[in-house]
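Each remark here refers to the structure printed beneath this line.
Note that the chains are named A, B, C, D and E in the order they appear, and that numbering of residues resets to 1 at the start of each chain.
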Amino acid sequence: MENASFPVLSYTTFLPLVGAAILLFINRESRETLRWIALVFMLADFAVSLAAYFMFDSSTATMQLVESHPWVRDWGISYKLGIDGISLFLVLLTTFLGPICVLAAWNDIQHRVKEFLISLLVLQTGMIGVFVALDLFLFYVFWEIMLIPMYLLIGVWGNPARRLYAAIKFVLYTVVGSLLMLVAILALYFMAGAGGEGYTFDLLKLYEFPVPTHAQYWMFLAFFLAFAIKVPMFPFHTWLPDAHTEAPTVGSVMLAAVLLKMGTYGFIRYAIPLFPNAALDAAWWICLLAVIGIIYGAWVAMVQADVKRLVAFSSVSHLGFVMLGMFAFTAQGVEGSIIQMVNHGLSTGALFLIVGMIYERRHTRLIAEYGGISKVMPMYAVFFMIFTLSSVGLPGLNGFVGEFLILVGTFKVYPWYAVFGATGVIFAAVYMLWMFQRVMFGEVTNPKNLSLKDLSGREFVILAPIVVFCVWIGVYPNTFLKPMEPSVKNFIQVVEKKRAAVLDLEKAKQKSAGNGTTIAVTSSLETIGR
Amino acid sequence: MEAVLFYVLAVIVTVSALCVVFLRRPVHNVVFMILAMVSLAGLFLMLRAEFVAMVQLVVYAGAVMVLFLFVIMLLNLGPTIFQADAKSARWWIGAVLALGVLTMIGPVLTAVIPRAPQIGAPAAVPEMSNTEILARELFTTYLLPFEIVSILLLAAIVGAVILARKRSTGATKG
Amino acid sequence: MITLEHYLFLSALLFTIGMIGVMIRRNVIVILMSLELMLNAVNLSFVAFSHTLNSMEGQVFVLFTMVVAAAEVAVGLAIAVAIFREKGTANVNEMSLMKW
Amino acid sequence: MIPVPEINLGGILPAVILGIAGVVVLIAGLFIRKGAITVPAIISVVGVLIAGMANGPLRTANQESFSGLVVVDTYTWFFNLLILLATGLTVLISVRYMADDELRLPEYFVLLLFAAVGMMFMVSGNHLLTIFVGLETLSMSVYILTGVLPGNQKSSEGALKYLVLGGFSSAIFLYGAALLYGSAGSLGLPAIMKYMQSGNASSLAFVGTGLLLIGFGFKVGAVPFHMWTPDVYEGAPTPITGFMSVGVKAAAFAAFVRVFFDALPAFQADWTQILWMVAFLTMILGNLAALVQDNIKRMLAYSSIAHAGYILVGMVAGNEQGTAGVLYYLLAYTFTNIGAFGVVALVGRKGEANVLIDDYRGLANQNPLLALVMSVFMFSLAGMPPTAGFVGKFAIFGAAVSQGYIWLVVVGVLTSAASVFYYFRVIMKMYMEVPDRTPARLEFDPGMLVALGIAVVAVLYIGIFPTTYLDLALKSVKPLF
Amino acid sequence: MIDLVWLIPVFPLIGFAINGLIGKAFSEKAIGWIGSLSVGASFVIAVSIFLELLGMDPGSRSVQKVVYTWIISGDLNVPIGFLVDPLSTVMMLVVSGVGFVIHVYSIGYMHGELGFRRFFAYLNLFVFNMLILVSSNNFLLLFVGWEGVGLCSYLLIGYYYEKKSAADAGKKAFVVNRVGDFGFLIGMFLIFVTFGTFDFTQVFSEAHAKLAQGGLLVTLITLLLFVGATGKSAQIPLYTWLPDAMEGPTPVSALIHAATMVTAGVYMVARCSILFALAPISLSVVAVIGAATAFYAATIGITQFDIKRVLAYSTISQLGYMFLACGVGAFATGIFHLMTHAFFKALLFLAAGSVMHAMSGELDMRKMGALKSHLPHTHWTYLFGTLAIAGILPFAGFFSKDEILFFAFERGAGFWIVGAVAALMTSFYMFRSVFMTFYGESRVEPEAAHHLHESPPIMTVPLMILAVLSLVGGFVGIPILKGWHVFGDFLAPVFAPAEAVLKGEHAAAHHSVALELTLMGVSLAIAIAGFFYARWMYLTEPGAAQRMVERFPGLHKLVYNKYWVDEIYDILFVNSIVRFSQFLWKMFDDAVIDGIVNGTARIARGWGAVLRRLQSGVVKDYALSILVGVVFVIGYLVLR
């Protein structure tokens, strides 16, 4: 694949980093300037990514706008970027939220503005990088880089109570997973290399390489751990509520809207296509976990006293849907889960913004502290309502399309999972509306709430575009479904084909006690007792 | 004859070594150390290593041990109770482990027997004295280490000087 | 008949005694002496080997060992003196400001 | 009469220059007014630079000289470079420190340079005698440097512990050498190798190998021969600690690798087993013990033990990639750790004060840039991309995986996951906590600035564009295979 | 004209947009009329479409209009499309027509309310969703409207959100509906996996081919769909939300919880008539549930004093009738009753609203009485409504209800008896409400008394319109006389396939005029009996009610408290789940998982603390550890 004429992806990825670099040299006292520069760079980044969107040809499934330059030659590491229908919208989502986050932090963050904006921009680069990388090494680098600014966001600007605990918990959780994944990456690299493909970290080349099943299990396990923690899937989710609760608004937004998607994206881009046999063999169990997550998250969310915590657990539930659809492994399921990634990014991100706005005013996240807010903040109430409904999955808004596709897709394969998953829809209504009611409805019991000001112009500007997209996806999802259609189809075919190929290969080997260095390496992998 | 000499020396060495380790008075330790050195020198002689034997006597038994003696005088470490950690398990564990090493290495040492010629076989170049050969070797083949060692000694001297010159404030920092 | 391994055993014995000395004595000075014992033991092996093998290398090595040992003693004693000046003891067990 | 010995200065020129520089400093010390340390420092740096130039040509060289006592090849070149880097940076970060700690001794630099000389002979040694003498020169200087702090009991105590244990381990090393000599008939590495290849190697040789391994294991601070490390690191003057953690370690590993891969490949299967165990213990103990340290020097000491463990994994892998990984890792580690200790020395302000991790509270407010730099070093130590530390770990673990040591690598990554905790703890203190008392001003000096600048840039640069350096490492280990 | 069908839902949407976004600029009147006229416009179009439909020959009265494709994913392809056939047309007419009237009424009723604009916006949004629901050409779009109306009912019930009870009621309505929707959703999935499409015509035309008659699959599908219906249409067991829904403003109760939304379930069942026809079991379930609800709700209705709640339970009971009709296979009749019910129930609610208006918000009938003189228009309109619902000839209710009873009888006398008894109770409690409200001696509290006033014409005119409708509405379905049942004939083509199946099932019903006439007489008698009994109890013999209560205290208590169903549900579902969730959160999340996580960390640090102790600080111990190493290494090498 030759390089794209105009390295739009590199620009998208590194523009924020440039911004960060520039900020380094701005006097920390002139906060407005800092904010404006950050905002400008985020907007520019969004513009560039839009350019990428328009350059994107939605009729083909191949990687597009590919840029590939050798990086570490003798390890076969290359700087390779590219997007397809699957990553396209995640990139757009990220760049879209960038400026919004800067705006959201405009008044929220008052101390160490400079460091904050720098971390934010670096984080942006890391996240986009994860979505556009097509080289395992590069991917891993971005994957880890992203940790650092997030750690700072939570730890420095989080709310004093437990920010340190939450921050380190977030990091350790992630690192444990991703380091094991690193081992798997290396193992894969050497197997493929010995397997004659030539030593390379190029994802697309590695797709070709049929990993023997027993090795797949180990590697998939490692990848699964890394991604499942990030998603987070049911038993690995406990870092999420803490991180969300302690993080500053913008941190929560980025965390919910994009970081979690890195996990799901990891599955769809890496874990499944690289190890199809293991993935599909495990699908049943993973779906089980997903369903448990859906219901568990919803139930636990229901009894939370802290708005942010509640939304955090709702994320666990929503991401459960995403995983369910993905591992149902039908066209609807996968497309649904991708759409749902975007949806969750929009609605949950927006919810965190909403919560942040009122937190800015009252400095508490306890539901009990509120009540009757609608009366004092009507416009706020409207937005809050819309996002609540979109996350409840009301038809006509984005949430419905995703959840519906996922459930339909799942129902074809695992009817019972779909049935139980669907109960999540009920509980979603319960906990969201209950929360909404306790916060917004009733008399204004708490005198502190009487004097709250309604949304400012800035806040309106933050929320309005998100609403637009919520409605857009809800009413005319094809804008988003069409571009991903071919990629998803191709994804499914590729995986199925590779899976079959591996099985055939192994049958063949069983027949003629195969030679082939693959065997050698795998046997060396088997003798991992040394 | 030879055998007798060897055993006598061996016994002296061993005993005095034990004394070094087990006697309570540092001064006595030094004295027995010297004794050990001297008898080792004897063994060296038996092994036809005259020069080494000489150095052993002059440098070790002479200089080094005297240095020890000086220091002991300087710090006048008078008679103290037998300073071994009799009580602590350290004593036993240490001793046992050390003996363990001995017992393990011991049998291995026999491994060389087949290659070992009888003691008393003529040295390589009979027309030259051991010292001469050694000198030749030292100044041709082993010239480099010889030079390096000079640096080592220089370092040691400098070090000894600055360490000794350290004025003691007594107060520990940090 | 006195064979090589007589010498080797003797040296091993000395080495062990030296180790024991390091292990059980408290007095810095004596510990240094025990170290010297160990080095001497090694020297014995070297000389014995060199004699058997008819090669000078061993004896050369011994010379260097002696030099090193001497230097070590000098420095070691210097440090010991310094410490004695500061703490007024030569007991290593009391030299444990730094632990854990 | 004695025949003129074969002399070829070219190969050992860098060492010679350093030695001369040392002597010059020593003499200069007599003439400049007492307590002036800038001049000696400058002389030393210049000496290091010249030595560096003299080292250049060695890159392509490949010959034995001094009747096979030293071998001059790319491997030597690489490590000479490393040693010069370590020495130079140490000198740079020392100046301010010494000024603070009425440690105004020119001899400090002399010993530093002599130590470097010793290291160079260690890495170029092709004969156990050379290696031994180099090792002792190095050790002797470092013993003294450790104890050099006036009126600081910790310093003296550290020196004594180091000396006693050092002597102990050298005795063991020597005994091993003796046994090898007895069986191989010579101590030249080629001779030993020939003998080992011959097949009828006596079990004496095995034991000798084991004892050598212990000697080196002591120097690199591998469990269970590591016990001296924390105390000595804590007691020694901070820059010297940095020097030990990179220079001494590097030299020791250089000799370790050369001896074991050059002379003892025949036993590889066996000593690999031992190293596997040692590496395993080292990684676990180092990281776990570091988790609970409050003194940053001690924490870094344990962390350096842990890193020794990672490097040993590279040796266990035992192929070219593995050893190349070791070299790259040492390079990365040199910059990183010298930098880290530079910051420690800087934050220590008055010598050995402020060495608790808590003393880093609020550093980010007081001096954001310094905090950022320190964070970079911490990330590199924790093995986070895009720093050099990450590429190093990647290289080593990769090699180990390729040889099928998956479980060892898993232990490695899990322990480094644990290590993230204590490295990030420093960052946490710097960025997320506030000092209980307003700390004294930080005083920079050009030397420190240059050193830190070089270190941080290098850590990032060779982390992001590692290709060249990996190639170098790979070329440098060629002579061993 | 039919091509413009999409305009029908769009007009209210526009109304919603205008009022919602820029309404702040307008005066109350403007807002009100924008809202109303947008619905009126839809009505006009609906009428014209209706006329056009009449122009076509009965066989081809089914037109589809696809606007655009909504979701394409794999083999899933869902259009935004409309289906114009008699059934949907009738529904559109009812919804937009009644909707329009109620909008106009609201202008007066909501006058001066704080959230006036919000109210009309929501109301328009509701009408939009309702029209989508009834006019969509596929299940998914129907589901969209289905959920949409649920949302609007949530919003409008919670209109007085400052009242906790109101907010709770709104939430309850939404959640309970969600439970029903859950069933609906699963049903749709089954349909999709069976037919590979959501399109009505396709599904229904293939139904016979793809589904074995009375087979498990079709039964499952229909039952699941019916679960959805029970949620929307407040049938046992999911009816509990409707009475609470009365917290909303009265026009809302009229429009949503009487005339339109709650009938969505009936519409859906009728729409899927063929599927149900194929599943006899489901049919009988529908019938039983319908009958049971009709009876059960009526009993509760008898004992309530809150006028709106009385109406609410009567609504539930009437909906029961409709399902009973569907259950016995008389889908057309069900729809017929749906329409008439829309008229008179809306009327009743609006009249009740007018009463409240006059009584400044009082709802308790025990505090009313003798309002006849003060509220003449309200009185006679309410009376019309009552006569209609009680089934007095010639009011609309008579025809539809009687027809239902007839078909029920055909299916089985049991159904008929239950229905008849329910009818008796209906007429009883309706007249009871009339007497308690408008007749007898006034129990009005003095301060409320002196500003009693008839409502303004903007409210009374709609009442009159509806009153007329509930008088004449039944004439489109005159039984017996061939060809006079215009309504039934109009709908016939829609239900033809279902009819066919059912006919095949049980032998053709022998249409004996005599029987039908007798039944008519009986039901009329029943209605009148109810009237007199109520009159006796609440007019001529005040206190009789009290005696009754004293005679059966237990029974009364039980019924008066609505059989404690709400409480039981709370205990069974709400509380238990909340408790369990608490447990999960505290025990599992915090204790177990985080316990493991933090535990690992603690163990690691613990080990660190242990290992550092090895570092005793005594140099000889260090030497010892080296020695240990020596022993092991040598040992390994020697013993290997």
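Please note the rule applied: a contact is a pair of C-beta atoms (placed from the backbone, for glycine too) under 8 Å apart; a residue touches a chain by one contact, two chains touch by 3 or more.
Nothing here was measured: the structure is a model prediction, and the numbers come from that model.
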| item | value |
| --- | --- |
| Partition of the remaining chains by touching, absent chain E | one piece |
| Nearest-to-centre chain - CA centroid comparison | A |
| Furthest chain, CA centroid comparison against chain A | B |
| Per Cα centroids, the chain farthest from chain E | B |
| Which of B-C and B-E has more C-beta pairs touching across its chains | B-C |
| Gap in Å, rounded to a whole number, between the CA centres of chain E and chain A | 39 |
| Intercentroid distance (Cα basis), chain B paired with chain A, Å | 69 |
| Rounded Å distance, chain A centre to chain C centre (Cα mean) | 64 |
| CA centroid of chain B to CA centroid of chain D, Å | 30 |
| Per-residue overlap in chain D, given as positions that touch at least 2 other chains | 129, 133, 136, 140, 143-144, 147, 151, 153-154, 156, 159-161, 164, 168, 182, 203, 206-207, 230-231, 421 |
| Where chain C touches two or more other chains, by residue | 8, 15, 18-19, 22-24, 31-32, 50, 52, 55, 57, 60, 64, 68, 71-72, 75, 79-80, 82, 86, 92-93, 95-99 |
| Multi-partner residues of chain B (each touching 2 or more other chains) | 85, 90, 94, 97-98, 101, 105, 108-109, 112, 141-142, 145, 149, 152, 155-156, 159, 163, 166, 168, 170, 172 |
| Touch relationships between chains, expressed as pairs | A-D, A-E, B-C, B-D, B-E, C-D, C-E, D-E |
| Chain E-facing residues of chain D, complex | 160-161, 164-165, 168-169, 172, 203, 206-207, 209-211, 213-214, 217-218, 224-225, 227-228, 230-231, 270, 273-274, 285, 288-293, 418, 421 |
| Chain C to chain E touching residues, read off their complex | 19, 22-24, 31, 92-93, 95-100 |
| Parts of chain B lying in touch with chain C, wherever the complex brings them together | 2-3, 6, 10, 13-14, 17-18, 20-21, 26, 29-30, 33, 36-37, 40, 43-44, 47-49, 51-52, 55-56, 59-60, 63-64, 67-68, 71-72, 74-75, 77, 80, 83-85, 90-91, 94-95, 97-99, 101-102, 105-106, 109-110, 112-113, 115-119, 121, 123-124, 130, 133-134, 137-138, 141-142, 145, 149, 152-153, 155-157, 159-160, 163-164, 166, 168, 170, 172 |
| Residue ranges of chain B in contact with chain D within the complex | 105, 108-109, 111-112, 135-136, 139-145, 148-149, 151-152, 154-156, 158-159, 161-163, 166-174 |
| Complex contact set, residues of chain C against chain B | 1-10, 12-21, 23-27, 29-30, 32-34, 36-37, 40, 43-44, 47-48, 50-52, 54-57, 59-60, 62-64, 66-75, 77-82, 84-86, 90-91, 93, 97 |
